[in-house]
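Below are structures written as structure tokens.
Same chain, two partners: subunit A is paired with subunit B first, then with subunit C.
Then we have the complex of A and B:
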């Protein structure tokens, strides 16, 4: 038996096992039979075992260079380093779907295992929902995209190799990290659905999924930022975020999970917004499926979508429809149980701030989704109008247009700043109602500091209104966080004399969720600070010959010559650019173009940058003429950009503090 | 039935450590030529074994004679239990309030609240330090819970009677142990309680003092 047929057989088994598991769990839940329920749980574990087996088979095929399997032949070659051979597993469409199934079943098994005692009533429903999702993806693998599909005739002896653009450090971790974020959102969804089906819609199920959502959110964040770093270092256009549909696909569930993490606190505290929270979980999950749909089916044009496939598009469309009908059907059915207990008492309360935060995040998600899908909608309309001219002839869908970064920036900038403002205001407000005296006490410090931060940059000749607003809001929010920490520390020290550091770590450890959250906010502030640098970034395109110099802001760039080198994989042309500040060389940049022998017509751009805390000097090489030495360069000064990555680190640190919350500590916020 | 817990993890860990040691010995002392594909194949084999074992466990779970009601709470800390108890009681209260306000249908209320109540009793019992539930108590609790009129609860009661037959030995020795102490007998489950107890420690029924 070949690896290919063994693999296909395993996928068939995964498919069948999912059907069996769904059947057992539904029957077990309906008849309340522990025997059937136990069978279902074991079935879920078995599905994971099978998925792990199938995945290790394909990894084995990559390692041993089994080019009789089409997928292996398409995405690898025998000369690739070992590490890339393993990661080629998720380098293409078919394999990434199998990877999806693997992660999904793994998370399902872990979640069920962790919660089967604690939430016994929910478990059969959770297992059924999770297995139904497995069933869908296993079906895709089985009927549409079999990663084990072999070459029947003319078996090639060499592979085509992985796209060199993807042979990058960040690219190894970026897709799996986004995947982890995506796939793990199925667990909260399954718990939410189970809570609805069983009618146990108290805050209990959310306590068990809150950490999962946080986990998903962390991995989505890591994935997004690694994607940004990859774009910044590999694509050579000087930026990190271009509102590419695939990037947006990762951003969408990020928005809704942030919204959920905030609004779940209102439900815990006040018993409000139950429908909303369940809906956010459903929407987040739906958005992960939409994201997969956008990246995998190729309906949306993008740098890294996997090519067009209409079968896949229709299948995903049907699946999404089923999710919507099923989930919201359940919500409507259980609406009587989901009534709110409290009411909003004042617009000056933290509940209201959370509510506004939720609206804004949802607006962001809807806007980004709409703008991303709009060109595709237009195209679908065109197809429909062409096909049914009689019925739809009166519609003029217009041309398929490209919605570019400026459009996104124009609307997302104010939304982002509004969210930053809320980040500052929210923690200052009390639950239920904030009194006037309180307001003054809480807001004086942050407001003064915020105004100072708005005015100070003017003296540095920064006059962009967006930039100034961003600096001001960063200052405001930063001060609120400092104030919260300061007051907490004072309080602790007044109770028991202790050192400053001790009091602070005590705060972080005792009220992890609250202060961890503030650390996350601090990271956000730093990231906004980094984004504000965009307001005065410098971008130049120029042609230089060796020996010539170019003035770039406060720096001088001097072309010191070209080098041509090669290794066993590629040919490289590297330019040496000296970076001078005040007449002294501070660094030598080495932007390059690499021609992989495998793909000689797709040279890659290797960026080089000089990093400081204040700014990046960033150079990439566009064209080069070896005979004359003319080098076409893109030169950038990106102020404050490194604060984005630093902010990201801080944010992840804060998130880890939050994840460490013990279950019983949930009320300390 | 396997109960996934530390022993299972320990076993898995031991198998992995054993595999690694075997690998090191083979490469270091046996001079074996181990290449990446070999490792991949070994890993695939391990995964196959795991999958087969799980498939077997599905069959084993289904092939068990009779339903054994597993009401144990496993390894859950006291603190967590207290927390859950508080939450459950609150949930029951809220549910009753909603029902009183006419927001819920009777059937909905009964099925959901009986599930909560069962759970609450289990949790309280686990807090008392009794790991498993007296089968008769379980049957009575489910049978006499307010949901007995609803169809779902009737079905539950039915399956519980099955459960009772399946696990007669699980708790028969418990009441006899309890009866050794002097005290008030609970009218519904006949468990002996402390003299000053106001509620039964097994089933929560209010105790009448003479």
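Then we have the complex of A and C:
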């Protein structure tokens, strides 16, 4: 039996096993039969086993260069380094769907294993929901996108190779990281649905999924960071985020999971927002499916999208419809059980701050989704009106359009700053109601520092209102975090004399969720600080010949010559650009163009930058003429940009502190 | 929600004010009409003078570059058999090639004869994944 046929057979078995598992679990729950329920659980494990087997088969096919399999032939060649051969597994559409199934069944098995004693009554429903999702993806693999599809005639002997643009460190981890984030959201969704089906809608199901949501959020964040770094270092346009549909797709569930992680605290504390929380889980899961759909079906024009495919579009559309009807149907059915115990008492309460936070995050998600999909929607309308002129002729869908970054920035900037303000305000407000005296005690320091941070940059000739507002809010929020830590440390030391560091790590370890959360907030503040620098970005395009110089802000860029080199994969032309500040050479930038032998018409642009805490001097070579030495350059000064990456690292560090929260520790604020 | 009515009213006002300010002050930056070349050729007067995006395929053999510069091109794009002359004044992306699909941002001249552009997105299907049919 060839690898190809063995692989296709395994996919068929995954499909069948998912049907069996759904059947056993539903029957088990209905008849309250522990044997059937256990059978379902074993079926879930077996599905994972099969998915792992199928995945190892495809990896083996890549390693052994089995070019009789179309997918292997498309995305690899024998000269590729070992590492890329393995990662080529998820380099294309078909393989990435199999990767989905692998991760999904793995997470499902882990979550069920961890919770099957504690939440016995939920388990059959969880297994059924998880397996129904597996069934959908296995069906896609089986009927539409078989990664093991072989060449029947004319079997090629060489592979096409992976696009060189994707052969990059960040690109190896960017997609799987987003995937981990996406796929793991199915677990909270399954638990939420199980809670609704079984009627056990107390806060328990959320305790067990909170960490999964945090886990998803961490991987979504890592994925987004890596995507940004990749764009910044590989694409050569001097930026890291352009509201590309594929990047947006990763951002959407990020917004809603942040909202959930905050609002779940209100439910734990005050017994409010039950419908809202379960809806956020549903929406987050739905957004991961929409995201997969947007990125994988090519429905939205994007440099990433994988080619047009209408079968895939219809299948995903139907699946999403089923999720919406099923999930929200359950919510409506269970509404009497989801009634709130507490009530909002004051606008100056932490609940209210969290509520506004949730509205803002949801607004962000709806806005980004709407703006991303709107052009596609118009196009669909045009097609429908053209196809059915009698029924729909009265509709004028208007012209197709493109929505670019300025539009997104225009609306997201105020939303972001409002969220930054809340980051500072929220933790300072008390639950239920904040008293006037308390307000003064909490807000005097941050307000003074915030105002100082707004005024100080004016003396550095910074005049952009957005930039100043951002600096001011960063200062305000930064001070609130420092104040919280300071007070916590003083309190610990007054109880028991101890060193400063000891008291601080005590805070982080004993009240992980609260202080870990503050560290996340600190990371957010640093990121906003970095974004504020965008207001003073310098961007220049110029042509230089060796020997010529160019003034770029406070720097001088001097062209010191061109070099031609080659290795076994590619030919490279590199420019040596000296970076001078006050007449001294501080660095030599080496932007380059690489021509891979495999894709000679598509040279890649290799960026070079001089990094400091204050700014990046960033150079990319757009075009080069060896005979004359003309070098076409894009030069940028990106102020404060490295604070974005630093902030992201701090944010992830804080999130890791939070992950350590023990289940019993739900009440540490 | 048991907030006082005055609080609710203030909140509603703030939200409505912020949203309407943002929407009313929106100058449409970042939102551009997106048309295929044949539509522009068919009714140039509908598009002349405004900034739009035009989609087409670069006609092989029409790319000319001004001598001594590296950012001044003329070429033609085509869709549905209609051709549109383009004057492009910027650096071209790595993926710009004859027969490749491009989306250009710019303005049509008043007489409709030429599209002046300085921004290009060039899509090369082979870059991310081959068309599945091309190999079978």
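Assume the second predicted complex is superposed on the first by the 669 of 669 C-alpha atoms of A that agree within 3 Å, B and C clash if a C-alpha of one lies under 4 Å from a C-alpha of the other, contacts with A are read in each partner's own complex, and residues count from 1 in each chain.
In this section, a contact is a pair of C-beta atoms (placed from the backbone, for glycine too) under 8 Å apart; a residue touches a chain by one contact, two chains touch by 3 or more.
In this text the structure is predicted, and so the values were computed from the model without any measurement.
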item	value
Clash or fit, subunit B versus subunit C on superposed subunit A	fit
Touching partner for A:578 - first (subunit B), second (subunit C), both, neither	neither
First, second, both or neither for A:106, with subunit B first and subunit C second	neither
Subunit A as apex of subunit B and subunit C, Cα-centre angle in degrees (nearest 10)	150
Which superposed partner A:447 touches (first subunit B, second subunit C, both, neither)	neither
Which superposed partner A:403 touches (first subunit B, second subunit C, both, neither)	second
Subunit B versus subunit C as contact partner of A:52, first or second or both or neither	first
First, second, both or neither for A:199, with subunit B first and subunit C second	first
Which superposed partner A:604 touches (first subunit B, second subunit C, both, neither)	second
First (subunit B), second (subunit C), both or neither touched by A:456	neither
Minimum C-alpha spacing, chains overlaid - subunit B and subunit C, in Å	18
Contact residues of subunit A, present in both the subunit B and the subunit C interface	none
List of subunit B residues in touch with subunit A within their complex	1, 4, 36-37, 39-41, 43-44, 47-48, 50-55, 57-58, 60-62, 64, 66-70, 72-77, 79-80, 83-84, 87-88, 90-91, 94, 98, 103-105, 108, 111-112, 115-116, 119, 155-156, 159, 163
Residues on subunit A engaged by subunit B in the complex (per definition of touch)	17, 20, 24, 31-36, 38-39, 41-43, 45-46, 48-50, 52-53, 55-57, 59-60, 63-64, 82, 85, 113, 117-118, 120-121, 198-200, 202-204, 271, 336-337, 339, 341, 663-664
Complex contacts: residues of subunit A adjacent to subunit C	70, 74-75, 92-93, 160, 163, 165, 303-307, 343-347, 352, 375, 399-411, 414, 541, 543, 599, 601-605, 622-623, 625, 630, 632, 634
Contact set on subunit C toward subunit A in their complex	1-3, 7, 11, 18, 22, 26, 29-35, 53, 69-71, 90-92, 94-95, 97, 103, 121, 123-132, 135
